[in-house]
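Submitted below is the structure of interest, expressed as structure tokens.
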């Protein structure tokens, strides 16, 4: 087969292609790197914010009376419509009747527990929320890097980046995530990150009338969370999933889903 | 809704569009593999379909991203998937795998049809001439050496395309199979099952297309070609089904905590789409009809009818399979204590009508493609009677 | 026919290379500046979340007692002492920052008090005192007899 061009022409053409191939991306990279001289002071303030902090949550199921004040407060604090069936937190009711059969319900996330007359053996409430997992499957499956775990242990969703593909919602074993009905991006409990970053408590912890919800920094030896974790028998939900939850339950019965 | 469903589990998030995506990409991969069986492995009995199957693959490929884009909560941000792809997410592979395969398919089509494109450019007039001239990209050399080089490039692309096609459906299988929270879908076998059922759907579609197209053009069916497709369909269908059934049998045997929920799903909540449509109509019946469609006892017409009917049933069965995978798993609440049901809609929220449009669209595109790049050879026309095993190709 | 300078494969390759180059450039330009600062995400987003406004004020003993000290102290000594004011009064940040602008009222009816004190299945009497509203008050507002800040003062209620 005859060559289409001479060796000289080929070398020149190849050199041209390579020059374009190397210069163009290099040039673009240089331009973008210059434009984005990293705002290091903003970076540092976040790193300072995170220093010495690792948030944990403890739920004492024996104290929960199923009033769902937490559910209401969470919706109001985080501007989620009360009438939409999406919940950052919810309360489940377990009725273990005399046949060791379990009846579970959470009507409107616990806002609608009705009075009932039934003979049961064991009865209790279990509040649920996002576990801010150390090995979160939701972070693993997000295709665009829109969800992440902060340095102080909270999993957040970047509302500007999320494309609303719902993969994270499929991946969460605890059903903690949902599609925000208005913003059409993923949403979930974030332990009221704006509040805790200012030294406040999450709204649900603050309004709980019985102290069933506790929150704190396990790196702070004076925190009540540290003492609570030390003295209590703790369990997490769906431990076999390997997600490494950081919400710990006191008195979690084995029937809890 | 039955039993206890977590408050955030009341809605099915991945709906009919997400059912269509693996269905469409499955056909893309399957049709491409049929084309490669000829171009790479030299299965000459498939020559009548070699070009049509590539065009079919391309037509469906053009439509593959529509269901995904329409499904996103924020479709305008779709390009984020290619700009900041998170490499631990199988879904992040979409942009690159799809683009790679699209470019490969376009290139292979171009090299395969280049001779015809040049001929059309030379022999036509006006805007048609302009169109074909642009399509040539200025490469108008149709000497035997140039054409030979084209054929070798086609072979290389068709070879690379086989693992690329496997990736195209395999990664979708992995997306579903790697969700540990979804007990129905989570299995390492999912990518393999998807690849096999993709091939099945591609072959089945080509059988039906071949019949329909030749009926429209009044051209005789090439029986060796059809019978070859019949065999491929049967063996891939059998293999895919064995893996799927094995999976469920093993789950039942091991009897883990989630088994009662899975058993309830199969026997009650998706019994129609799984047991009747996917396994009954889509697998059992074709597995019986296909070998009958190759039997020497029957006439050519009956063999054609049995094979085409099987192809159509398999197409329905594979669609049901995609439904059962995508939606079936979401019907079990993550509480492992309750079920929801799928809320069928006509128009809104990925309803039935938009889905039918999305399924017809690739066929319309194919109809345009075969006008622009006719994949036909000089076949014999007319109602002449001929022996079964003689190809009508000149 | 004249043989062209560049073969078909060359033209096709150039097209593909240009596409890839175009994509690389676009990718660099499209990536947000703060992406990758702390991990595989947009670093600026952390500050965006922290900067969000609240609806609930800090706990009542900080936010409310500045003005409502008398009732706050009374409540603290009685049965509802461990409750945050906002558990019944709802989100009060706006009011605490600009007290004159809003005057949130709360209805002292059975619906509010019943959220905790209704006798529903699951709630045990060891946890909290419960009543069946229809038998206890016939549906009357709880505040007719109970001062919510001192619920059991004066033998269960204010004199009407």
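In order of appearance the chains are A, B and C, and numbering begins at 1 in each one.
Keep in mind that, in the parts below, contacts are C-beta pairs under 8 Å (C-beta built on N, C-alpha and C of every residue); 3 or more make two chains touch, one makes a residue touch a chain.
Treat the numbers as computed from the prediction; the structure is a model and nothing was measured.
K.L.:
Nearest chain to the global Cα centroid?
P.N.:
Centre-most chain by C-alpha means: A.
K.L.:
Looking at B-C and A-B, which one has the bigger number of contacting C-beta pairs?
P.N.:
Output for the comparison: A-B.
K.L.:
I'd like the Å distance between the centres of chain A and chain C, where a centre is the mean of that chain's Cα atoms.
P.N.:
The answer is 15 Å.
K.L.:
So the centre of each chain is just the mean of its C-alpha atoms; given that, what is the distance between chain B and chain C in Å?
P.N.:
Distance between chain centres: 47 Å.
K.L.:
What is the distance in Å between the mean C-alpha positions of chain A and chain B?
P.N.:
37
K.L.:
Spell out, as numbers or ranges, the residues of chain A touching 2 or more other chains.
P.N.:
145-146, 161
K.L.:
Quick check on chain B: which residues sit in contact with 2+ other chains?
P.N.:
Counting only residues that touch two or more other chains, chain B contributes 84, 86, 149.
K.L.:
On chain C, where are the residues touching two or more other chains?
P.N.:
3-4, 6-7, 31-32, 35, 40
K.L.:
Can you check the complex and tell me which residues of chain A touch chain C?
P.N.:
4-5, 17, 20-21, 24-25, 28-29, 32, 35-36, 38-39, 42-43, 45-47, 49, 62-63, 65-69, 73, 76-77, 79, 93-95, 113-118, 120, 123-125, 145-151, 156, 158, 160-161, 190, 192-195, 197-198, 200-201, 203, 206-211
K.L.:
Across the complex, what residues on chain C touch chain B?
P.N.:
Going through chain C, the ones touching chain B are 1, 3-4, 6-9, 11-12, 15-16, 19, 23, 26-27, 30-32, 35, 40.
K.L.:
Can you list the residues on chain A that touch chain B in the complex?
P.N.:
1-2, 85-87, 90, 92, 102, 104-106, 108-109, 128, 137, 140-146, 161-167, 169-179, 183-185, 241-242, 257
K.L.:
Using the touch definition from the top, list the residues of chain B that touch chain A in their complex.
P.N.:
Answer in residue numbers: 4, 6-11, 13-14, 71-75, 77-78, 80-81, 84-86, 88-92, 94, 145, 149, 175, 178-182, 330, 333-337.
K.L.:
Over in the complex, which chain B residues touch chain C? Could you list them?
P.N.:
79, 82-84, 86, 103, 107, 110-111, 114, 137-141, 143, 146, 149-150, 153
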